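Take a look at the structure set out below.
The letters A, B, C and D name the chains in turn, as written, and every chain counts its residues from 1.
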Amino acid sequence: MGYGGGVRLIVRVKLFASYKEKAGRADIKMSLSDGARVADAASELLRLHPSITEDASRLTIAVNEEYQEHDYPLSDNDEVAFIPPVSGG
Amino acid sequence: MGYGGGVRLIVRVKLFASYKEKAGRADIKMSLSDGARVADAASELLRLHPSITEDASRLTIAVNEEYQEHDYPLSDNDEVAFIPPVSGG
Amino acid sequence: MITITNDTLDTEVITDSVKRDSNGAVVIFLGATRDSTAERKVLRLEYEAYRPMADNQLARIADEVREQWGISDFAIAHRLGRLEIGDLSLVVAVASPHRKEAFEACAYAIDRIKQIVPIWKKEFFEGGEVWVGSQEDACVKQDGSVAVGGD
Amino acid sequence: MITITNDTLDTEVITDSVKRDSNGAVVIFLGATRDSTAERKVLRLEYEAYRPMADNQLARIADEVREQWGISDFAIAHRLGRLEIGDLSLVVAVASPHRKEAFEACAYAIDRIKQIVPIWKKEFFEGGEVWVGSQEDACVKQDGSVAVGGD
């Protein structure tokens, strides 16, 4: 909204299971442009850790512990969890 | 087969649950004509104890602990069990 | 493990009898004495069996489960005699590598028990008693005394 | 009763939590660690969850069961951490007046657990380990050492 390099928002990314092992970490503070959506966080994750998977559009994501679509808008301080294929039971 | 009143066979009738209570007994030695079938034992039972049920053709019967149809031929000393509708479980 | 008994059914023992390291799924059914039917409040039950035919029919069901699902880790225990509300009358336990087969086989076994096994249940309620499965024979005495069968 | 725990699952406690005098049927599912999959011999498992989201998703499944079958006598317990072969990873117990609903609701709950609950299972086998559900990530080292994730 007019501030020099643009307003940024910070989201708290959480990684689990295979994603966590491939990234080598469980938590990331991720900086995104204002107006960023889930899809943007997914692209940024694969830019940082391309070995996680090839297709960002197929990642399953929960925002603040609820599953959300890729066009879901993010807010500052959201918890964005990348959910590998689940295998409980 | 030519013996005066005809050859007879004796079967050991067993009654259970509601049939037993209506007949007032659990065991009957039943005398039948030679060549008798399950249907004959059923008719004889209802002649002795008409309160058991109205329609002999609908009785379920086991001979020597196996379910049998009403045209199944009986032999001397067979165990003929009248099986009320089952309600285990 | 096929059991017909007057003793309390021990779910743990029955379940343990089907567990094996190759089985990922165990499905267990417990049939318990309910405190009411659609019509009335139930006080207690009594089960009677024609033995050993009932045992043989249960073994037949085990054979059917083995033939249809290839499952031999299978147990049935049926209680006889007097049961109070909440008591277990039936335990069926089925184990298999995957759950689909265990669910199907367990439900099938119960259906078959209710079709081919010569066991009968009598319900005792306020003012009467009835052999279940032949409801036309219900014998409720209006004075509240318990009917003892017969005509 | 919804539980996610690192402790051994106690089937009896979980089952008792759904028993009531009005329930004639209890269906229990036990999920156990198998000693093999289609491909290989399994040595042990490890489960990890995203909490409290996993707890919330289990509670959601309980709500769905209540809405679809009117059943509230319902329990799920899921184990986390390291499991040996034969250990229980999941117990689901469902009680209802009649068995049909209990069977349906129990099978449904397990299907949903495998769809929507963020819990992951890692299989350890001779020469490697793999997070199940993302088999393309299998990391089997040919020298027999255990892969510890990463790229």
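Definition applied: a contact is a pair of C-beta atoms (placed from the backbone, for glycine too) under 8 Å apart; a residue touches a chain by one contact, two chains touch by 3 or more.
Note that the structure is a prediction, hence the values are computed from the model and not measured.
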Both-way neighbours, i.e. chains that touch chain D and touch chain B: C
With chain D removed from consideration, the chain sets that still hold together: A | B, C
Centroid spacing, where centroids are CA-atom means, of chain A and chain C in whole angstrom: 53
Where chain C and chain D are represented by their mean Cα positions, the distance between them in whole Å: 28
For chain B, residues contacting two or more additional chains: none
Residues of chain C engaged with two or more neighbouring chains: 31, 110
Inter-chain touch pairs (all): A-D, B-C, C-D
For the chain C and chain D complex, residues of the former touching the latter: 11-12, 15, 19, 21-36, 85-86, 97, 99, 103, 106-107, 110
Touching residues (chain side chain D, partner chain A) in the complex: 31, 47-50, 52-54, 56, 78, 89-90, 110, 113-122, 131-134, 137, 148-151
Chain A residues within the chain D interface of the complex: 14, 16-18, 20-22, 24, 51, 62, 65, 67, 81, 83-89
